[in-house]
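To start, the structure itself, in C-alpha cells.
We just call them A, B, C and D in the order they show up, numbering each chain from 1.
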Amino acid sequence: MFFSLADAIHDYITDGASVALEGFTHLIPFAAGHEIIRQRKRGLHLIRMTPDLVYDQMIGMGCARKLTFSWGGNPGVGSLHRLRDAVEHQWPNPLELDEHSHAGMAAAFCAGAARLPFGTLRGYAGTDLPARNPNIRSVTCPFTGESLAAVPAINPDVTILHAQRADREGNVAIEGILGAAREAALAAHTLIVTVEELVEELPPAMNAIVLPHWIVTAVVHCPGGAYPSYARGHYTRDNSFYQRWDTVARERDDFLAWMEQHVLRTSDHRAFLTGLTRADG
Amino acid sequence: MSGCSRNEWMTVAAARLLRDKSVCFVGIGLPSAACNLARLTHAPGLVLIYESGTIGTRPQVLPLSIGDGELAETAAYVVPLPEVFSYYLQAGRVDIGFLGAAQIDRYGNLNSTVIGPYDLPTTRLPGAGGAPEIALHARQVFVMAKASKRSFVERLDFCTSAGYLDGYGARARGGAPGGGPRAVITDFGMLAPHPQTDELQLVALFADASVEEACAAVGWPLALADAIDTIAPPTPHELDTLRALFARTREAHACPVHLPLAPEGLP
Amino acid sequence: MFFSLADAIHDYITDGASVALEGFTHLIPFAAGHEIIRQRKRGLHLIRMTPDLVYDQMIGMGCARKLTFSWGGNPGVGSLHRLRDAVEHQWPNPLELDEHSHAGMAAAFCAGAARLPFGTLRGYAGTDLPARNPNIRSVTCPFTGESLAAVPAINPDVTILHAQRADREGNVAIEGILGAAREAALAAHTLIVTVEELVEELPPAMNAIVLPHWIVTAVVHCPGGAYPSYARGHYTRDNSFYQRWDTVARERDDFLAWMEQHVLRTSDHRAFLTGLTRADG
Amino acid sequence: MSGCSRNEWMTVAAARLLRDKSVCFVGIGLPSAACNLARLTHAPGLVLIYESGTIGTRPQVLPLSIGDGELAETAAYVVPLPEVFSYYLQAGRVDIGFLGAAQIDRYGNLNSTVIGPYDLPTTRLPGAGGAPEIALHARQVFVMAKASKRSFVERLDFCTSAGYLDGYGARARGGAPGGGPRAVITDFGMLAPHPQTDELQLVALFADASVEEACAAVGWPLALADAIDTIAPPTPHELDTLRALFARTREAHACPVHLPLAPEGLP
C-alpha cells in the first residue's frame, strides 16, 4: 500500500497506459508528473479536464500520444506552449485530441465512477464539438423522446491524485477545491495518491471527502507534491511560477534545458524543490 | 470621469448589468473583475459560482485561476465540479453566465477552440472549458471581449459555444433552455441582440467613443439600434472600488510563496 | 423566506400535488407530515424511498392517492399497517403504487436534480419489477450497444426536509446520514425545510452539505421537527415509538383515535410533543 | 456448545463466512448481527456499508434501523445514498452482499415484495429496498432466512431480487456482474448452489439438525450435496461476543429518549 513515488510510477504506469492526473488548480500532482518524465514513460493517453503546466511538461517531453481534455491553458496567464506546439506542429510527436467541454468530461468521469458505459447531459447543443469528436453522440430518452448528449465513460488505467492526508490503513482525506478528482479516482482501475502527510488515524469525517483504503492502490508520502499548484492548509499556489512558465515553455530549447536541469537531473521531488530554491537564490 | 481606461470602463459597464441577488457563473479575467466589482458596490447579495465548485464565494482579491485558494476560503461551500455543472447550471439555477471568447460573430456565437482548421490550426486556443453549457443553460449570458476585426468576425473558425446560431429565432426553436447572450460588453460600448433577427447591434457607446470607431472595430457591417445610449462614465466610488480591488490583487499575487520544502531529515 | 409551519404547508402544498418528505431514518420531517394531516390535504402523490411512520399516518388519514417508493416498512419492527391496509383493502382509499428499488429511485432523484429526463442504472435485471412498473424501461448505450435500465426523473412539486440549521439568509446546513435528501431537495420545484435552529451565520462549510438560500423556498423553525426520527447533535431516535406504532396502527379504530388525539386535536408540533409527554406520564 | 439457540448458531455460521478485509453491504436484522459478530471476532478489518450511506462503520450496538445514529457516528465517513449505490455497489466495489427475504426459491431468487398477486396481494411486504442491485452487483451474496414451506417455496409470488434465475448458467449468460448467492444460511444449516445446475443443495447441517428436518422445512424436493458437512457449534468466544453484543443493544435501545421539547418560551 505504501510506496516511494519512483516505485509507484514504475510499478503502475506502463507505456501506452491511460493516465489521469486530476485536481483543479488545487492539488495538482506535479511531483508524480515529474517522476513520469524522469522514468521516460511513452505513448501515454493523458486525461485531464484542465491540462496544466505538468501536462505541458509531459507533452513537451514526449510522454503522450493522446489527450482527453476540456480546457488546456495556463490559467490566468495564457497558452500552454508545449501543448500548442504538439497540436500545431506535431512536436515532439503528434498528439491525438479527444476534446470535450467541462460538463461533458464531468459526465464521463461520473459514468466511469459508476461503471456505466456512458454519461448523459444536456450539452454541446449548437457547437462544432460533436462534429469533431466521434465520442460525442446522442441518446434518446425512453420516456420523453428527447435527444440528449452522450459521452463514453472515462475509466483511466491509472488515476493519480495529490491529497492532504492518508492514514495508516490508506484512507485518504481531501479538503477544499476538488474539481473532478473524486470521480476520476473512483473511475480508475488503479489509484495512486501522493499526500502531504501520513497520520495514524484520520479525524472523524462525517460528510467530508474520503477515498477509502480499499479503493486506493498506492499511497506515496510526498510533501510539496502539488507545488507549484497548492494544497489547502499546507502551502499556497505559486502564481509567479505559472507566470514564469510562459517564458520557459515558449521556445523548445529553453524548455528542454529547463526540464533537463530541473526534472531529469533531479532524483526526486525533494531535489526538484531544492533545485528551484537555488535557481531562485 | 476622466482618466479611466477603456478596460476599467468596460468592467464598470459590465458590473452595472448585474442585479443584486442574481446567481452568476463567472469566467476568469474581465468577467471575474466585473462580478466582484458589482458585489463590492451595488450588488452585495450577488451569488458567485466559479466552475471549480466554489459557490457563493466572496474573494477579497481577484483569483488568477478559477480554482484559487481564495475562492474556496471565502465560499459558502465547495462542491465537486460535476455537481456545479449538473445540479446547478444544467438544473437551470444560474441566472447569469459571464463569458469571454477569442472570436464572436454577429449572432453571439463564440469560439475559444482554434484559429484555422481544427485538425491543423494556426493557433490552438485553450478550448471549451465550461463555456458551451454556460452558454446553453444560463438564463442570460453576458460576453466581455475587446473588439477587432480578428475577434468580431463575419465567420467563426469554430463554434465553441452557441449564441443565437443563425439568428431569427433559431436558438429558441432548437429548445435551448437559456436565453442566450443579452449583452456584449466591448471596449467601445455595448451590443445587444435585435428582438426579431437576434443580430447583435450597437445599443450603447462609451461617452468618448463613436459609431465610426465601433463600426471600424467589428468585422461585419454593424447594425445600429434605433437609439444608441451613452454609457455613463464610472463614478468615483466605482472606480475607487475597482482600483482598490486590483491593487489588493497585485499585492497578494506579489507575495513570495515559500517552497513547500521541509528541512532535511523531516518527513 | 421564513414561515410558520402551518403557513408553509398552507401556501405551498395544494391538493393533488406531488410531495417528497425525505430523510433516511435520520431527519424525517414528522412535524411537516402532521401539519399536512391537520390541514387535511387530499389526493397527494407521495414520494419517498422509505415510507416511514409519517407516511403510514398520511396514507391512513386519506391524504394520498399515489405512492412512489422503494421500501415501505417500519424499520426493524415490521409492517406499516396503514400502508398495507391501503394496498390490500383500499382503505381509506385506493393507493396507486409506483414501485422501485433504492438504486432506481436514487437514479431518478439524481436525474431530477440534474434536470435530465431520465436516470440510467445497471439494475432491476432478472426481477419482476419492470413488468409491474411501466416507469422502468431500458436505454441502449450509444457506444457499446449495451442495454441498461432507465427510470424517469423525479421532480416533486414540493420537497420537504428537516435539517439542523439555517442562517438568516436561508442557507441550510445538514450533517450526518442524508439518504437522498440532497437530491430530492435539488430536484424539487419548491423546497421547504424545517430546522432545529436558526443561526445568524453558518460556520464555514468547505465540503459539507449545504442547500444554498436561492434554492430554498421556505424555512420553518421547528425544534423537534424530526421526532420520533432523530436529528444528529440534537436528539436521538425514539426506537420505542417505532415499536409502539406497530400496535397503534394495526387496527383502523385505534389508529384513528390516536391520530385524532395526537395530531388533529393538537395545534402544532409543540402541542403534539407536549401531548406525548402527558400520554407517557 | 449446548444451550445456544438456532438463531445464534445461524448468526455464528454466517459470521464465519466473512473473511477479514472484505467489503460487505449489510442488510438489517440477522445479517447485521452476523457481520458485526465477524468484525468483533475474526474479521476486525471487515468494511461494513449500510445503504444509508455509512461506510466503514463500527457500531458498538446493533442498529434497529439501517440509518441509526450509531452507524453514522462510528463510520469512516457518510456519503449521500445515491453514491453508495452507484460509486460503490454498481461500480463493483462490494465483495459481499448480505440479504434476507420473505421467500426464496431453489435457484436463490428472492421475494420481498408481495404474497399473492401484485395488484391485490394477500400480504404486502415492504418491497425491494437495496436488494435487487445488491443481488446483481455484489461479488457474492449470502442469504439468511429461516426455513419453512411458506418461505422456501417451489415458486415465488414475485421475484424481487435475482439469484440464479432458472439455473443452469442463466444468470451468468444474462451478464450479471456479481456471482449470485453463494450460501443460504438457515435454521437447520446451509444450502449452496450446485456448480452445474445452480440449484441450491444441502451442504451443511448444524450438529443437532437432520437431513429429514431440512427436507421437511423446504418447499421443494431438496437436493443433497455429495458430502454434507457439520457446522461446528459456536465457540464460547463467539457466543459470548454475540450475546454481549445483543445485551449492549438491548440496553441501548431501552434507554428512554427525551422528547425534543424546549421549555415554554424558548425557541
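Note that contacts are C-beta pairs under 8 Å (C-beta built on N, C-alpha and C of every residue); 3 or more make two chains touch, one makes a residue touch a chain.
Note that the coordinates shown come from a computational prediction; the quantities given were computed from them, not determined experimentally.
S.K.: Any chains in contact with both subunit A and subunit B?
M.R.: Under the touch definition, subunit A and subunit B have C as mutual neighbours.
S.K.: Tell me which has more C-beta contacts between its two chains, B-C or C-D.
M.R.: So, comparing the two chain pairs, more contacts are at C-D.
S.K.: On a C-alpha centroid basis, what's the spacing between subunit A and subunit C, in Å?
M.R.: 40
S.K.: Can you check how far apart subunit B and subunit D are, centre to centre, with Cα atoms defining each centre and the answer in Å?
M.R.: Taking the average C-alpha coordinate of subunit B and of subunit D, the gap between them is 55 Å.
S.K.: Taking the mean of the C-alpha atoms as each chain's centre, how many Å separate subunit C from subunit D?
M.R.: So the centroids are 27 Å from each other.
S.K.: Subunit C: which residues touch two or more other chains?
M.R.: 115-116, 121-122, 176, 178, 206-209
S.K.: Listing for subunit B: what residues touch at least two other chains?
M.R.: If we look for residues of subunit B contacting two or more partner chains, we find 72, 78-79, 86, 90.
S.K.: For this entry, which pairs of chains touch?
M.R.: A-B, A-C, A-D, B-C, C-D
S.K.: Please give the residue numbers of subunit D that touch subunit C in the complex, ascending.
M.R.: It comes out as residues 28-29, 51-54, 63-69, 71-72, 78-82, 85-86, 89-90, 109, 113, 118, 120-133, 136-137, 158-162, 165, 171, 174-177, 253, 256-262, 267.
S.K.: If we count contacts the way the header does, which residues on subunit A are in touch with subunit C in the complex?
M.R.: 115-118, 120-122, 135, 137-144, 146, 148, 150, 152, 175-176, 178, 206-209
S.K.: Taking the complex as given, what residues does subunit A use to touch subunit D?
M.R.: 113-116, 171, 186, 202, 204-208, 210, 212, 214-215
S.K.: Quick check: in the complex, which residue numbers of subunit B touch subunit C?
M.R.: 21, 23, 47, 55-56, 72-73, 75-79, 86-87, 90-93
S.K.: Using the touch definition from the top, list the residues of subunit A that touch subunit B in their complex.
M.R.: 24-26, 49-50, 69-73, 75-77, 79-80, 83-84, 87-88, 99-103, 106-107, 109-110, 121-129, 132, 176-183, 196-198, 209, 221, 223-224, 227-228, 230-232, 234-242, 270, 273-274, 276-277
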